[in-house]
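After this come two complexes, each holding chain A, first together with chain B and then together with chain C.
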Partner chain A sequence: MIHWVLFLVFGAISVAGAVNLLAQRHPINSALSLIAVLASLAVEYLLLGAEFVAAVQVIVYAGAIMVLFVFTIMLLNAGEEERTRGSRVAIVFGIPGMLIASILIAWILVRYSDTGAVRVGALAGTPTAIAPLLFHDFLLPFEVTSVLILIAIMGAVVLASREPARTSAERGQG
Partner chain B sequence: MVPLPYYLVLSGILFGCGVTGFLIKRNVIAIFMSIELMLNGVNLSFVAFAAHWRALSGQVFVFFVMVVAAAEAAVGLAIIIAVYRTRETLNVDQVNLLKL
Partner chain C sequence: MSSVEAIPQTADYVRILPELVLSLFGIVVMMLEPLIDERRNQQALGTLSLIGSVAAILASLYQAAYPGFAFWNMVKVSNFSVFFHVLVTTVAAIVILTSYEYMSVERIRAGEYYSLILLGTVGMCLMSSAVELVLIFIALEISSISTYILVGFRRGEAASSESSLKYFLLGSFATAFFLYGIAIIFGASGSTNFDKISQVLSSEHVPALAYVGIALMFIGLAFKVAAAPFHIWTPDVYEGAPAPIVGFMSTAPKAAVFAVLLRILFEANAPGRMWLIWVSAALSMCLGNIAALVQTNIKRLLAYSSIAHAGYLLIAFATAPEVGISAAMFYAAAYAAMNVGAFAVVSHFANAGERYVTLDDYAGLGRRSPTLASTLTIFLLSLIGIPVTGGFFAKFYVFSAALRANLVGLTIIAIINSAIAAYYYLRIIVVMYMREEREEVPIMHIPLALGAALVISLAATIYLGILPGRLLGYAQRAATEVLPSQGASTSGTAFALPK
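So, the complex of A and B:
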């Protein structure tokens, strides 16, 4: 029972945050509602027994990545976005069509799938359980992602640096 | 106990919101945040399936998705800063150098 309540409350918060992200016109408001979405998704992960993923979600996503976003918004002094008029056909046909399609898919998923309920606590994704997978079975992908992160950091520094980096040959000529 | 399809529906709603935001938003940072929303919708279905099939590999996959999202955010925001330096705008309608 309590799982249903938690699922519905935090699911509603995440959907409301996602809709608010679309409705807000200032990027900083969108960023703050995205933080609400990420935090409530962390609770959903906890309900599913994914403790490690929930912690990483809060620390990396809601913490590090969103700080990066807010920093960029502040740095570029992003103002309100101006809306451009979309096509009329998209509004008249697109929104009802999308609503019908999504309700149909949701109804089919809920009605005609005889998969059992997700049992809370049946699968404990604690760091102790994740570690053998991460550092033994998925060791190569783990190391490759560390190289990926390194390349991403260097790329970010090169792209965002004010002066284009000069090679030693250019410096010799100049 | 909450059945699996409810988690999938929630993840689908979040993904749909991300797609909608990607299409209707005009600020490049808001478009980027919509992409993060889509990634999170997929992450939720990963974790739901991991709990359903009793397979922890799904949660490790979510970890990798988060790492790739972090790298993408770092590079993407650097690109946004570089674009803002040269074009002085964040509106994607005005960044149309590749348009015919």
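So, the complex of A and C:
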């Protein structure tokens, strides 16, 4: 019973936070509502028995990544967003389309969830259960992620380097 | 099974050898860049990455002798994976050869450029051998993120940064769909491994969730191969990206994504794929070809042409698996050969700052540079699908597979589209040979590396057009490995065929 209540409360918070994220005009307000979404999702994970994922969600997403988000917004001194014509098109077509798609998926999830092989709470979510998965069964994806991160770092360097090679080479000639 | 062993064995490493070689060279190239003199580093780093990609081709061929699973059912080396490994690494090698000249003309930072190509190829290779959705997702992201960055490499051009950002935002959106699809498939089947997914999806009682999962994954992958209606990004991104990179991203990552799609739709025996494919293939062909008719920028034209080709290729996915898989594999190889070649010519001709990329600039090229013009002509004829080129047999196999699967309507649409496509490809040829030349367009001497790239892709295009048997035979052998092991393989055609 208490699970049910918690699920409903935090589910409502996360949906409301997500809607608020889109509705807010100032990036900081959007970022703060994203924290609410991420934190309430962490509670939902906890309810599913995924302790480790819940902890990671709070530490990494709601913690580290959101701090970076807020820092970036503050440093860029981003102002209020300007609404363009395109936004109105999104309201007319995008929102109804999105609603229909989500309702359809939700309906199938609710209607046919019993036939699926995975049940709520069927998977162990403790660190002890996750460790052999991460460092044995899924060792290769885990290691390959390092290539992904390396590429991302390289991309940041390439895109952020202020001086393109063109000018430095030209200076060398002249 | 190897799942008892706690530590990876030598065989495990052999089965990811090409990926290891590519990562190693990618990292070495990245580390060497600041150490080498700036004047010479372009050439040296290019050569080093070329050696790396050739070593990866050799490693893939060596690997073919050791088929099987590795890393506890994460990776499966088979003829199928070796085929795509060799295809992707060869494309990478050709693109590196093409880039030699482009890099010195555009003065692009070589270290990051080459190592991003090599590391991106790691992802594409893994996509073709992975039999686990988690690994496929990570590999797909490696290949996507490296292309997002490579697209933005023309730092001086606003168009390049714009296309990079556009590609990144839309691509991340598509990735979210793919990830959601994986999550739902996991919910429906209880596993992310193709073996188990295939068992669940082949059973009598297919969970309704699986349909949603397959549809969402298809959306994500259709975006990556630029199939309609998820193709909107293509022309803008191709226009802004460096020309050699367009040659790369329109062939290698696409081939890898098609490999994933083949696995998801055939090996996992995806239910209800017919309608998805039918609609997407028909739309891609029609929208791609019709929009290409009015293009004046050659890169945009080839972008729309690549949308159309994704449509032709998708037809193979709606056919019976026995013929469809090999037809799709052959098409991917032939398309890679001709498209990489075409973009090699375009990037050479474009000159500094990619100034000469409109159709008018190609006027009189036939007289001013007969070699370049005739090479491009052969690639364009192959893209049309004229006999004696790879493009002909690629289309022939796909269309005959479609007819055998009773997809008459789709085949008619495809043939009409091929006729429409002939118009805009021939228009380039007509402009090159029959219009008055424009003096201000400089024709540069063809450097050795570019010449080698052109010769390789030309040889591959013509070889596939004259002797397609060997590659097709190999693809057919590889196809049998992708089919689900049970006798359930025919169930794919049991769905209602739209007429």
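Points to keep in mind about this one:
Please note the rule applied: the second predicted complex is superposed on the first by the 123 of 174 C-alpha atoms of A that agree within 3 Å, B and C clash if a C-alpha of one lies under 4 Å from a C-alpha of the other, contacts with A are read in each partner's own complex, and residues count from 1 in each chain.
We take it that contacts are C-beta pairs under 8 Å (C-beta built on N, C-alpha and C of every residue); 3 or more make two chains touch, one makes a residue touch a chain.
Being a predicted model, the structure only gives us computed values, none of them experimental.
Of the two partner chains placed around the shared chain by superposition, chain B is the only one that A:Leu34 touches, whereas chain C remains out of contact. Look at A:Ile65: by the touch rule set out above, it reaches chain B but stays clear of chain C.
In the superposed pair of complexes, A:Val89 makes contact with neither chain B nor chain C. Chain A is touched at more residues by one of its partners, and among chain B and chain C that partner is B.
With both structures placed on the common chain, the touch criterion links A:Leu109 to chain B and to chain C.
In the superposition on chain A, A:Val147 contacts chain C only, with no contact to chain B. Shared-chain residue A:Leu139: touches chain C; no touch with chain B. When both complexes are overlaid on chain A, the residue A:Ile2 reaches neither chain B nor chain C.
Chain A residues 105, 109, 113, 115-118, 137-138, 141, 145, 148, 151-152, 155, 157-159 lie at the interface with chain B in one structure and with chain C in the other.
Residues of chain A touching chain B in their complex: 3-4, 7, 11, 14-15, 18-19, 21-22, 27, 30-31, 34, 37-38, 41, 44-45, 47-50, 52-53, 56-57, 60-61, 64-65, 68-69, 72-73, 75-76, 78, 81-84, 86, 98, 102, 105-106, 109-110, 113, 115-120, 122-123, 125, 129-130, 133-134, 137-138, 141, 145, 148-149, 151-153, 155-160, 162.
The part of chain A that touches chain C in the complex is made up of residues 105, 108-109, 111-113, 115-118, 136-141, 144-145, 147-148, 150-152, 154-155, 157-159, 161, 164-166, 168-169, 172. Residues of chain B that touch chain A in their complex: 1-10, 12-14, 16-18, 20-21, 24-27, 29-30, 32-34, 36-37, 40, 43-44, 47-48, 50-52, 54, 56-57, 59-60, 62-64, 66-75, 77-82, 84-85, 90-91, 93. Of all residues in chain C, those touching chain A in their complex are 3, 6, 8, 16, 23, 27, 30, 38-39, 70-72, 74-75, 106-109, 112, 115-116, 119-120, 122-123, 126, 132, 134-135, 138-139, 141-142, 145-146, 148-149, 152-153, 155-156, 161, 164, 184, 186-191, 200, 205, 207-209, 211-212.
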